[in-house]
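Listed after this line are the structures, all set down as structure tokens.
In what follows, subunit A forms one complex with subunit B and a second complex with subunit C.
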Partner chain A sequence: MSAIAAQPDAPLAASWWKRNQLQLAPWLFLAPGIFAFAVYVMIPIVQSVSLSFYEWDGLTPDAKWVGFGNYTELWTDPDFWTSLRNNVAWLVMYLLAVPAGLAVALFLNQNVTGIRVYKSLFFFPFVISQVVVGLMFRWFYAPNFGLLSGVIKTLTGSNIAILADDRYATYGIIAAGLWPQIAYCMILYLTGLNNINSEQVEAARMDGARGWKLLWNIILPQLAPATFIAVVVTVIGALRSFDLVSIMTKGGPYGSTRVLSYYMYEKALSEYGFRMGYGAAIAVVLFLIMMVFITYFILQMLRQERDA
Partner chain B sequence: MFPMAIQKQAPWVGIVYQLMLPVALILWLFPLIGVAVTSVRPESDLAAGNYFGWPSRFAGFENYGAVFTQSPMGQFILNSFKITIPTVIGAVGLSCLSGFALATYKFKANLWLFFLFVAGNFVPFQILMVPVRQLSLNMNVYDSILGLVLFHTAFQTGFCTLFMRNFIKGLPFALIESARVEGVSEFRIFWHIVLPLMRPAIAALSVLIFTFVWNDYFWATVMVQGQHAMPVTAGLKALNGQYVAAWHLISAASIIAALPPVLMFFLMQRHFIAGLTLGATKG
Partner chain C sequence: MRFTSLSGLALGLALSSTAAFAGEIVLNSDQSDPAPKKAMEELIANFQAANPGITVKWNNFDHEGYKSAINNFLKANPPDVAAWYAGNRMAPQVKAGLFEDVTDVWEKNGLNDQLKSAAPSMTIDGKKWGVPYTYYQWGIYYRPDVFKANGVNVPKNWAELVAACAKLKAAGIAPFAIGSSQKWPTGGWFDYMDLRVNGYQFHMDLTGGKVAWTDPKVKAVFDKWAELVKPGYYIENAAALDWQDAIPQFASGKAAMYLMGNFAVAPMMKAGLKEDQLDFMQFPEITAGIPMAEDAPTDTFHIPSGAKNKDDAKKFLAFVASADAQTKLNATLGQLPVNSGSAKPDDKFLKAGFAMLSSAAGLAQFFDRDAPAEMASAGMDGFQEFMVHPDHQDAILARLEAVRAKAYK
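Entry: the complex of A and B
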């Protein structure tokens, strides 16, 4: 506002722009970003929701309106429930990455020679593509020669093919996913630990606080921002899991390792058929589940904005 | 400092810690080390059942050479660069503009738009899959590098805007205020005052987006069919189907695919970590 007041004798031709610059500028800066995001993210979400009420093979020009038909079919589809159950398993097990990441971070939070190199090497798994991680773990789990099956055989005497056994396959994949996720949480906590108020820690030590008590009462509250981000990225990562399932088992054996994201792909775009509408309905369910978490995260961020 | 500094504890604690570090690292990176060793193992070792012992001789040159000469790995790597680099430039460029707008102007829709970018960045890919594929078909960019670049650029703009906006919020606002009082135009404020200060954020986002896009597998499978546009992640999957049980070659190809983001991380470590914390904790 003060810019306008400061220049009362600006030439008339420029004055309209000068007067409205502060109102118009944000929209000019935002236009390209909003356009791209609307075309590729916002509008497709709406289209998917609408598509979930149709039966469409992706080829013929006409889609057939089926109302809630796809959703009622999902309700009685056992494969859908298997996928949903696996998503819950992913979510619960994946959250172990948060305390595990904290543990590794506490282990590495020292000042000894070479510690920087150790920290970055510990972070390695996160930088590598999940395709590579999946291949590595498949090889790790391979029956007969895989290292892990060797260990299991010496311990229990029986040969277990983790990825071919529908009791263990999902957990085998989740374990592979935890590897990079723990590395991610670790780096968040290392950054957090770096910014800890050391005076407060020393004062608490003077008062005799040690070990767990110190961690729980003094350190963890200061790490709250790191914990928040760690939980956000872990929950999103768990529900987005697709790559590892596709690489390690393709949803098998007998569909027992499918998750919603993979089942949707299978229904809509794989050799199993081109049921775009049914696939869209699965995607909408996954989207609604994620929206619960996204809304919670945004409300938290909103509160932080208000406090700031 | 927490936990208590090793230097302040009994000397034996320090010695035990120094010994534990390399052991923990080897255990932690075991799958990676296994693959790296396998990638230099001669084929005869695998046939003889020597999967985990010391390789009988170093076969790195022939394995890595075979990957490049007998498979389209060279093409896949080139495609990955052709997809990744324009995406980084596009998404970072767009988000410099939108992040600046959301950080410096007060208007009604501001927070609402910001949260729209944040939420969009977190949605499952599957809700976008069918419409984005259809849009690409209609625009004639399906099964092409351009199609992937356009999508990735638009999608990553969400995350980049979140990051840029938070970064610019942390800059001293007085700088912008006083320029306005001087009558400097909004565009010049952006270009001459704010943009030079955004260099660290641009560096952080660039490495991060490079890694995200390089490692993308889902969109590569949805949007690309032929080798001509296939990035290295989807290519690796295809090779894996082709070289059944040729673990020495798969391992070599995996190492090649993992190398560019790993190098990027090592060269730009500080920026990379600043990016991962979403700019929320300043480090």
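Entry: the complex of A and C
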């Protein structure tokens, strides 16, 4: 009798896990990811936001609470507006990488001997480091011995130092950034082109569609997922542009090529940077701008998933 | 008896072994150019020979990278000795308690006498925070052969300098070489313009935040400077070049003068200039009657407060400060020893520099060492802009004045 009475007990103890298994298992599997996401993403964001309300030099232990002081200072800081304007220029010009990547992908999407070699050559700029890209373009632009300045000189008779002229420097850097970015968009489109439904294309051909019409009505709609990813990576890439600015001009001449990420670095972490709170405020502004795009992209993805 | 003698022996052994492993000191510095690197290697070898049992582990950083790395390693992983600069440049680290007070090293080794000239720039709150090991003059390096070929004499005052520039420019030669893509070389120009137009005390007050940037006396400095900028007396596209990149134009005779620190002599010689093709002159007088003060930046060694082996680090500092070590170190560096007991240099440029600095009315460290970090950075941005757009003068000065209101707290 006692043995029978004990019986329900034992499964009961074991069954706490059994009963909750379905609820718990996902969390257990998610735990490493949640932990990493919290430590490397969420907590730093919270820390940055809270730091942006302080005046702190990064060295002394005491930070001074200044409320929105850093933000009101940003509002009146001409260097901040220059950086913001440059970020907008980056964003707009960088998006050229999407149609350019598509053009290159369409061009390379044919069966010729050695096409794989050409494809890899076109993809090459994306493989090399941004630092190398920056250095190469710096030499390319360099007055007196650079290739481009030589061409400009023979055409116009005068030497233009692109990276030293505040009118052109930012565009010079963006052009350097476009080179690998076009390669990136190209590879996205090439994979997209592989998955094109050939029956649809053939049917369209039979109906007399060709050239632009075929591209616009048949090919592009099928490439929509690739376009979406290409726009996302390009927008994010434009907003986080830092390496090229740092390598090519260090934000100069006189701060005219700074972007928000570089200005943050300069104010908080560089040789003359001792303003952690101010840097954090710049980072928060950049974060908010990024959030606008990221939210839009995520909503878009959710909508697609729901429709699918 | 036997037992005690044995323990005595053991004690002796223990003592000798601690002496033998007295330690290692970690030294972080930024002597990445060839001559400074060699000088450091010799200094470390000499120190180890003089202090058997202490080894120096040297981490040599890239010159520009070091400046942004130092605050990180001072907090996260402090070495036992770190190289840095005198004046206001060390103030953030000192105020944050990252450097050790080394007043005792100065007192024990008689440095208050021997390093007297540099004592004020090493003192904050009445304490010494490091030892200086070298300094060097700034001034105009010029090409006597190019001057001669174009009938230009060494200018003695501002009017002669401007006239010489006009003559050189007419002959198709850029009067001044400069590379301002790293913005600090423009700071040297501003220092000299201000020191010559307004004098030492005003310059110190300005970099110390006591004078407004919109003051008419500051405007006067830029107006004078514009006399060189507006007619285009600097090489073209200077903002695209590093200071080293401008040297080939100077060496090939496309530019005739170069306002620089004495460290530029070695790369100028390396670019192919011979002894008689390179000479040095003091920056000429602008406002008559103002005593001539000079830029003479001092490089220093410090002990981080988080150092693990402070005893040996202090030995190193005392060694670096000594007359003999500074003689040898600076002979290789091609710079001037700070210790007054060191042998006088016999190099032509150092002789000229030493004579000039000995009679100087005051020694400034350099714009980015005299002014606090934020002011220095914004200031040199402004100078760089002024050298391209001299007509932006008022906007630049208004901006600098806005920075001044925040930077000195």
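In this section, the second predicted complex is superposed on the first by the 293 of 308 C-alpha atoms of A that agree within 3 Å, B and C clash if a C-alpha of one lies under 4 Å from a C-alpha of the other, contacts with A are read in each partner's own complex, and residues count from 1 in each chain.
The rule is simple: contacts are C-beta pairs under 8 Å (C-beta built on N, C-alpha and C of every residue); 3 or more make two chains touch, one makes a residue touch a chain.
What you see is a predicted model; the values in this text were computed from it and never measured.
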item: Which superposed partner A:G58 touches (first subunit B, second subunit C, both, neither); value: both
item: First, second, both or neither for A:G255, with subunit B first and subunit C second; value: second
item: Partner chain in contact with A:I187 - subunit B first, subunit C second, else both or neither; value: first
item: Touched partner set for A:P78, first subunit B, second subunit C, both or neither; value: second
item: Comparison of subunit B and subunit C by subunit A residues contacted; value: B
item: Touched partner set for A:G273, first subunit B, second subunit C, both or neither; value: second
item: Touched partner set for A:I247, first subunit B, second subunit C, both or neither; value: first
item: Partner chain(s) touched by A:S48 [first = subunit B, second = subunit C, both, neither]; value: first
item: Touching partner for A:P32 - first (subunit B), second (subunit C), both, neither; value: first
item: Set of subunit A residues, in rising order, touched by both subunit B and subunit C; value: 58, 269
item: Of subunit B, residues touching subunit A in the complex; value: 1-3, 5-7, 14, 17-18, 21, 24-25, 28-32, 34-35, 38, 49, 51-52, 94-95, 97-98, 100-102, 104-105, 107, 110-111, 113, 115-120, 122-135, 150-151, 153-155, 157-158, 161, 177, 180-183, 185-187, 190, 211, 214-215, 217-218, 221-222, 232-233, 236-237, 240, 247, 250-251, 254, 257-258, 261-262, 264-266, 269, 273, 276-278, 280-283
item: Residue ranges of subunit A touching subunit B (in the complex, touch as defined); value: 2-3, 6-7, 21-23, 25-27, 29-30, 32-34, 36-37, 39-45, 47-48, 51, 58, 106-107, 109-112, 114-115, 118, 120-125, 127-133, 135-137, 139-140, 145, 147, 150, 179, 184, 187-188, 191-196, 198, 201, 214-215, 218-219, 225-226, 228-229, 236, 239-240, 242-243, 246-247, 260-261, 264-265, 268-269, 276, 279-280, 282-284, 286-287, 290-291, 293-294, 297-298, 301-302, 305
item: Residue numbers on subunit C that touch subunit A, as the complex places them; value: 64, 67-68, 71, 75, 92-93, 95-98, 180-183, 236-241, 368, 373-374, 376-377, 381-382, 384-385, 388, 399, 406
item: Interfacial residue positions of subunit A with respect to subunit C in the complex; value: 57-60, 73, 78, 141-144, 159, 161, 163-166, 249-250, 252-255, 266, 269-275
